[in-house]
Each structure stands twice: as structure tokens, then as C-alpha cells.
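Here the chain labels run A, B and C in written order, and each chain numbers its own residues starting at 1.
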């Protein structure tokens, strides 16, 4: 038998299942120490999650599958395996898209394993922390979460877009001189469009009042997707909703939390709790799936005296399509004679289990034909800030997504998450494919207004 | 036992009454390096090259007991020498059947049908005999009795010798006992028949059948003089290249619906005249189509297996060689039997080696001699076609089962 | 000594498949130490990811040159340790050979590479009116190459058969590195039925690099029913009555009271908790005949004392019924910290008997056992509940599992209907087969795999196979 040079111990003599955790190879306690060990035991190693995982689909490597990552985390926690560079890479490559949770028959809560493990891994890391590098500090945490700052920062970028400078820079290769992640950030920008004025504090219901709702507008999305916020508000008005837009609201905190910074995320959450008077609205509505998933999780991310209050807030949070579907949509009448396809955003489909509602709403647009998107449930590679932190895998997945979209023959893609919209737009733009990428609320709004989308 | 001219050159026939006796005979023959020719009903001996080495004939016909028939499990365990007819009658008493067609069922044995992988029109709807053998006992060329599979319908323990021995033509082992999966007898059956003017049109109709709403049990394409004036089908219309026969089985309501539906679909494809053959006519047609490949021991019968979409092209090529050729094709499966009324060895060789075999290869398959007169001298290549790339590994498997090379020497593709 | 040659082997493998196609760091190999069977573990020395058959050939030749064992692996969902690299060596991971090469509806076949996930083929066929029939419950993850290795089944095998009934041919790399085709798109190829032998050979004869599969027409319609019974005997009698009446259901699944309670607690389907057994019965085929079959089934269930027979009135209700069946195992996880699923087969008529024996065995060993059966096939999946941290329970679960499988053999059945022998059930081969049977199997293996480097110590208890002493039962989900 061959033996592995340098292998510390005989791998055949692994501790039997259920052995209490021993000390890790490294001096630091394992990043898994704080995780409820029962969550590891929920995984019976059946492997049904593997091909639901985008990174496994691309690489075919068990280490880059949910089952493999759980196995690695458990091996590190058990002290069987050191937190090597290889192990770190496999865990970092996870999109946290939760497709595996949808596939798992045993109800494994993968998110509750990978998220705290990565947070602890960051905190213990001997090298520069992921959240401490310039990109995270200034761009992700500094810029992304401060809408006003971001709007101002974007002005020069917008101007250069209008002037065709980005195109010119792309063509001359100037763009390639910028650091890769910043370059991607610039490439992500949607085509220049006037954002329009900010939403007012209240948009009153049209017709009989059926509900009173608050709209979450977020940070990144408010800058880049203000037209969609307007569209969402108008659709809600059409459906008899008073729409409140609290002005003190802030970023949901997802970017921080997923990058391993729990404390700033808690502060943002508590600011939002103050901004939204959740007791006096029927629902808090979100049209960006990533933010929605985070807001719905406020109740169990932090264990402190405010937990119950956060849970009460989270109970009111609904995706806008989920809410309209249960309210009963006032049928729009404007015909939109197009063939469209719908991409399930991970944070809507997997994290919030909202899959049929947006499809049912879209089906009510006269003339619109909805065709199935192959691999609709596979992540497009946006995954929050993943497209900025793991550009290579992200690019592979967006290529895969666009290939699937093109297979449908449809030129209209609808999806309920800002990240997916940007990602798919960028991919289409870079490949010269003319594609209308829109939020379902954009299309519903057009139908109510009896307008046609610009293709 | 019907023994044709091609029966192996044997000094005597031994008919053991038990598997143990059979094993002893084989062990003795192995020790003496005497060739052994296992024979069931003797209905499939015209297939392949004639045996040259003299030896013993080993009959399984005394091994004909029903070992176990738990009808409610829908399985039966029988010895290999049981005739297909008596098996059929027994199963019918419980409303069950083995939906595998075998010609000359009164003499053909279940062991022989398995060893030769005999099939007929029903294989389109039901699969072939390999899909029904779930357990097998046999004696290898050393005289060692062994088994594989079991008596349950789902079982993945060990190598699947049920499949390996099916169609092995007695070259690996002598089958002594089998367990079969059964099906319920169909309540009703019928044929829908039409004449088709050209082979091109035939392919169009066959291709449409792939998308049909009906579920055929058999898709048969027949051509040639005798089929054109068949008394059951009636005389063929004036310009008829081939006749298409679609057999359906099932509950009476299903059969009625399918015959109507198929006639409707055909009308839409421009086939105005089609007829339904049911009741006793249907039964007779099933039986006639089942018997066709072995009906005549004279002449030359070739069995080709090609892509289903290439059947009509192959049929056209076969008839171009001789207009009088009689054709039956399980067109859904791509199997074509071509029967030429007469051939001398001089004519047969080029027809096979330069005509039908290349045509079959071009159509994604192969062609082998299924029956020919004993005096027709053929080469290995003429009978089996171009050397199969897998024949080396087949020969090595054969060596493990039959190290002395005594079982059916020279009869198989892979063990000359 | 041999270890000194590992770096050279790794270099040579990299030259074949590229740097990103070889894993050799220990921390990259740990996840390959087991599959869905976690009792025995062993790391391979190298994992290699070929993309073409030619690369597989080159890898196999290198393994021979370096005299190291090697074995193929697909998605690693085997429940019997089929992918356990006994003796280490080179693991050939086929997950990058994942193209559907051809779909031909006219000739009703598809050609796929071994790493294609089972359900991808069905998805690719959506809307064509055809599908690939074998549908193991793990079909969302397991590969067709793996299905070929284990001759996978699924809930629909009663009517449609298992993998071997749908494989027309395979292209495979033999243990000496030769590439061959067995069978192919035309049926009845002359010579031996080697595709039939390769299917179910658990990777001990050859590494399959391409598969020709038969496609099956979609049924026109379905009728899905749920029969609720006061006793297990009534339910099993109903099964026999249905099959005896000449009906071949597309699926016939049984769940006993124990699993019913678990499913109900988890999903609230509204099942009566005092029912002793429920049958999920599905017939499919031509609309013209379905109502007649449905009425007959309902009548037969009632005649066998069914308390109630519910009919799925819509596609959504049908899905709900199947969901309750397919998620049964997930629900079991809520009943106990650990569980072990067995895979035995008995003749259908022996179902009431084996169930009695299982209850008795569970009582004697003080182990709670709940049951899900592919009742139409007589394929039983008793699920033994325990706490793996309790050594005594672990010992009792092992003893009870062994006794259940012994009972299956005594009933004329088998110790595996669909999971395979792998390493898990090697010791049962002596009970199922005689020394002569096993000798012939070993000889066949030898004719393909004379050096024994391919998948050593799998399936056959021959020389080189260590007698695995089970320390611990498996904790498994799907089947």
C-alpha cells in the first residue's frame, strides 16, 4: 500500500463516530468549537446535496460539495484534520446559497454550520483577516453600506459610463490595470439610468385600502435599483396598499454577517428595528431576496435580551411576491406579449422557500409566456459579494447561467434579487447578448401602466 | 426431439434426470476432453456454424420439473428442460404468462430459449428473455454446479449470471434450472395493419409511431411475395412495398382505444386504409409472426440488428439482392429477419460478406446467419460478420467457465 | 519504500489530466475516505479526475505500472461502501465526465458519460414524451455510472425494471487499460451479453466510460391512491390481491405505523395515527384503462379491510403523497439521533412473515424499528433507531440487522435489493452462495481483472478481502 508522505496519522484509524472532540492540531481552538455538535450529526453523509451545489457542479470535487465541507468542518472540529490552506479554500469557495438545504432529506442546517465556522475561521486566522483587507474595509463595508456615500461615489463612475469611458477603458485594456475586484465592481454597474427621486415616506393605496405595509429599500439596492423600488411601490399601491418608506432604515447587515463580522451586523439590525414600527404595519416588504433572507433571520442570529423583539420584527418580513400572492393580486390588464423565463434567486428559493409565488404573479400578466429555465435553482454566481471576492468561480457560474437562459430562447429574464440582476446583466453585456433582465415587479408595474418594456 | 441435419456430430445422447447426474456427465467429459453439445428441444441448432468436433449430445429434456410456483409472488422456478408450451399452459391456469415469444413452443425448452436468447414480436412491449430470468442454476465446463441471482424479483447480490448465460449458446455452462419473473395474461389483443407504398413512407410512419399516443406491444414490418398474398392479412394493395403490423395488448378498453387511435393517427398521415385484426385472427397472427424465423430450414435466413430508423433502408437493400426475399422485422427494435429461398455457398458468401453485413454495419448494427442448410459451407466471418472487438474478453470469460473447451466447441462467435 | 514512488506517480498523473485534475494533499483526500457508508474508512493515496476515456486508460496503465490498486467513484452515494478505497491507491473520480453525448428519440436511446447525474437525463428529456426509467431515490445526486455499477432500482422498478433492463451497451476501460465497447445502440449483438454482466458488477470488472441507455415513453396518465389499513397483514394481503388480479402497479410502497407517526409529526399530512400500515399505490398508462384499474384497486383494498382509500385528485395531491413517501427518511431523523437502514428482499408473499420477525427481533434486542417497503418488489427497508453514543445500543443494532438479513435469506430472499454488496455485506455472500457459486464469480472476475488491482476486496469474499468486523452500524438516509 502506498502511504502519503507527510500524513501525520494513519487515516484508516479514524476515531469512531461520536467520539468527543479532541484537541485540534493547531494550538488555537477549532473554529467549530462553538457550534452545536448535534448539527454535524444531522448529516448522515448520504450525498444527496452534492449535485445541488454550484461549486460541486463546476468542479466535481467532493471537497467543494456541501457534504464534503461538512465533513471537513467536522474533521477539523474533531481534531482529525488541521485547518490547512486547502481546507480554508474549500470553505471559502462556498457561495452560501443554501441549495444544499433544499436538497437535504434529513433537514441539515448547513447555514448554521458554515456561517459560524467561517466567522470563527476569520477571527482566528493568523494571516490578514478577510474583513481587514482594503477591499472589505473601504469598498464592501465602507461604501456598500452607506447609500449616500455610495451615490456620491458613483457619480464619477456614472459619468465615465455615459461618456463611454468604461467601454473605452475596456477596449484599451486600461480597466485591466485596476485591481481585479474593483474592476469587477465597475463592470457590475448597470447601464446608466437616472435613478429618479428618492421614495417619499408614504405612498397611499389606490382604490380600497387592503393593507398597510413598510418597504425595505436597503443600501446597495437603493442606489442601483431605485426604479425597481418605485415600480414595487406602485404595484403595491395598485393592490390597495399604503406603502410606508421609513427614512431611518439602514443596510440589513447581510454583507457584514456573511463576511464574518457579526457585531456590526447586530448594530445595523437594531437600527432597523427602531426605524420600522413593525407593530403598526401588516408586513415589512422586501424586493431584494438577499436582504429579505437576512431580515427574516434577525430572530436567531444573536442571543441577547433583544432577541425576542428581533424575532417579532422578522415575523413581519415578507418578500413582496410572497405577500402579494397571499393577498391576492389585482389582475393587471396591460398586455405584454413576450416570452420570459424566471431565475430562482438563491436567497428567495432556497433561503426563503419562495418559488411559486412570483411565478403565479407573473402568470397573471396578459400575453406573457413563462418558460422553464434549466437549472433555475443553481446560483448565478452573484451570491452577495461572492462575485467580488471569488471572481473566477463567480464568472464560471454566470457563464453557466447565461448559457441556460439562452437555451430557453427567451430574451427576458426575471428574478427577485439585486445581485442576480446585476450579475446576469453583466454577463449578457460582456457576451454581447441583448437581454432584458428585470425584477418581476418591474414587469407587473408596466402591465398596470399598460406600457411595454424596452428590449 | 426434432433433430435437423445440423445436429452436432455425436456418438450418443445422454439424458440425465437430475442436475447432479448432469454435472457428473460434464465432469467426466471434461476429464476425457470429450466435446459436449447441450440440447434442449433441438429447435435452435441451425444457428451459427455447424459443429465439427465429434462428441456427446447432452439432452436436458428430462430436467423438466416445476420446482416451485408461488403464483402470488408472480415467479416460477422450473428446470431447464421444461417445454415452453407446457410452461405456458401451467402459467395460464393462474392467469399468468412469460411474455416472451418462442417458435416451436411444443418442443422448445425454457433453457434453450434462454441459451439462445430467442425472442419475437412481443419484445418491443415486454423486453426479451433476459429481462425475465431472475435466478439461474447451471453446470460449468468443469462439471461444477453453480447458481446466481435468486427467487426474488429484485436482487443485486453477486454477478448477474442470469444475463451472462442468456444468449451464451451453451458455451459457458449448461443451464439446469431457472427462476422467472411473470406477468399477467393480457385481457385482450388486436393488430392494426396497413400497406405502405414505399420504404421512405414506411420510415415516416414508423418514426411517427415513436410519438404515437398508443403503447404498442409489437411493431412488425413484413415484405416479400408470401406476405403480399397472406390469407390472414388479405391481398396487398397494388403498389405495396411493405406491410406494417402493430400489435396491441391490454385491457379490452385499452385495446379498443388503441386500435381506434392508431387508425386515426394513420389517417392523418395519409393512410386511408387500415384494418383491425382481432379475436382468433389476432392470435393466429401472433403465432405466425413468432414462427416465421424458423419456418423454413431450406434457404438462408439472416438476422440483422440495426438502428430502428435504419430498418427500412436495410430491408430495401436486402430485397434488392433478391426480390423473392421474405422479410420480417421487429421494426421497433431494429431486428430484421431476411429469408432467401435458395442459395448456393458460392452465392451466399458475397451476399453476406459484401452485401448484408456491410449494410448492417452502416446501419449501426450487424448481421448474422440465423439458419442455413447443413450443406451450405460458410466461413466464420460469413456467419458472424466482422470480428467483434470484445471477442478477446469473451474468449477469456469462456476459458474460466470451460477451461477444457468442451462445451459447444466451434459454435460460438468467441470460441472457435 | 513504495511511498517514495508516490510523488513520481502523482507527477505522471498530473501529466495526464493536468494540475487541477489530481488531489494528493492529505487534507484534500479525507473526504474521499468513505461514501454513503461511513462505518469503514480509508483514504485513497491520490484522487484523479479524468475528462476522457483516453485519460482513464492512461491512469489505469499508470496504476498497473506502479502496481497500485485503483477504483472508480461517481457521486459517492453508495450505501454499501462501493467507493471505499480498500488498500488505498488511486481513486478515479468520474464526476468531470458529465456530458449527455446524444439523445436520439427516433431510435429511443441516449448516450451519456458516467458522471451524468441520473436526474439530468430526465430533465434533458422533459417535454419530449420520453424519460429514463430507473429512478433511485438518490437520483438527484447519483450518477448513471454509479447506477450501472450497482444496477440501481427505485420505486418504479416493479413495472419498469432496474438499470440493467435499460442499458443497451457500455464503453469501458478494462483493468489492463484496454478500451472496449460491449453492446451499443443495436440490440442482440453477437456473442456474450457483457453489458448484462458489467451492470451490477460494482466496479470490479471494468471502469465504464460511456453508457447507451434505452429511453421509455412517458405514461399518458396516473392514478395515485393511499390505502389506510388497520393491520399489516391486511395491507400485505391487499398487495397480493392487487398483483394477483393482474394489475402491475407502477409503484406499490408500504409504510408501517412507526414511520407513519414520524411523517405525521414532521409534515402533518393528516394521516390517522392509529393506522397500522398505509399503502401508496400508483398505476400509470393509457387513460382509457386507468379508471378501471383504480376502481379495481379500491375494491381490493376495501375487500382486505382498508379503513379508507384516498385518491389523489390532482397532480398537486399526487406530489404531496409522493413527498410524504420520499421524505419519510428525513422524518426519521427527528425520531432518534441515529438510524440504520437495511436493504433486504423477500418474496412478496413473505412480507407479513418478515414483518412479524422484524417486530420480534426489535423487541428482543430492545431496538425500535420502523419500516418502509418497496412492497411490490418485496424489497424491505427496516430502519433501526438508536443513539450512536450508546455502545450497547450500537451492539444491539448490529445484532438485530444481522438477524433480519438472515431471516431474509431463510425466506428465500436476498440481503440486498438495490444497495449492493460493496464491503458492507461481503460476509453475507457465504450465506447466500455456495463456495462453488463464489468460485465461479471469482473466476469471472479474474478473467477481467487478473491482477486484482481494480476495486480490490469488493463484492466477493475472496483472497485479499479482509473480514470486515463491523464496529458500528451505518447511519443512512436515502434509499
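The definition used in the following text is that a contact is a pair of C-beta atoms (placed from the backbone, for glycine too) under 8 Å apart; a residue touches a chain by one contact, two chains touch by 3 or more.
Note that this is a predicted model, so its numbers are computed, not measured.
In terms of inter-chain touching, the protein chains here are arranged end to end in an open line. The chain with its Cα centre farthest from the Cα centre of subunit C is A. Chain centres here are Cα averages; for subunit A and subunit C they lie 36 Å apart. With centres taken as mean Cα positions, subunit B sits 60 Å from subunit A.
Subunit B and subunit C have Cα centroids separated by 31 Å.
Per the touch definition, subunit B reaches subunit C in the complex via residues 70-75, 95, 117, 119, 127-128, 130-131, 140, 144-148, 150-164, 166-168, 172, 183-185, 187, 207, 210-211, 213-215, 250-251, 253-254, 256-258, 303, 305-309, 333-335, 364-366, 368, 384-385, 388-391, 393-394, 396-397, 399-401, 412-414. Residues 2-3, 5-7, 9, 23-36, 38, 41-43, 45, 49, 68, 75-77, 79, 87-89, 93, 95-96, 98, 115, 117, 123, 126, 138, 140-142, 326-327, 329-330, 333-334, 337-339, 388-389, 471-472, 475-478 of subunit C are the ones touching subunit A in the complex. Those residues of subunit C that touch subunit B in the complex are listed here as 105-108, 129, 150-151, 153, 157-158, 161-162, 164-165, 174, 180-182, 184-197, 199-201, 217, 220, 240, 243-248, 285-286, 288-289, 292-293, 345-349, 374, 377-379, 412-421, 425, 428-429, 432-434, 436-441, 443-448, 459-460.
On subunit A, the positions that touch subunit C within their shared complex are 1-8, 11-12, 14, 16-18, 38, 41-42, 44-52, 56, 60-63, 67-68, 71-72, 75, 80-82, 84, 86-87, 103-107, 372, 374.
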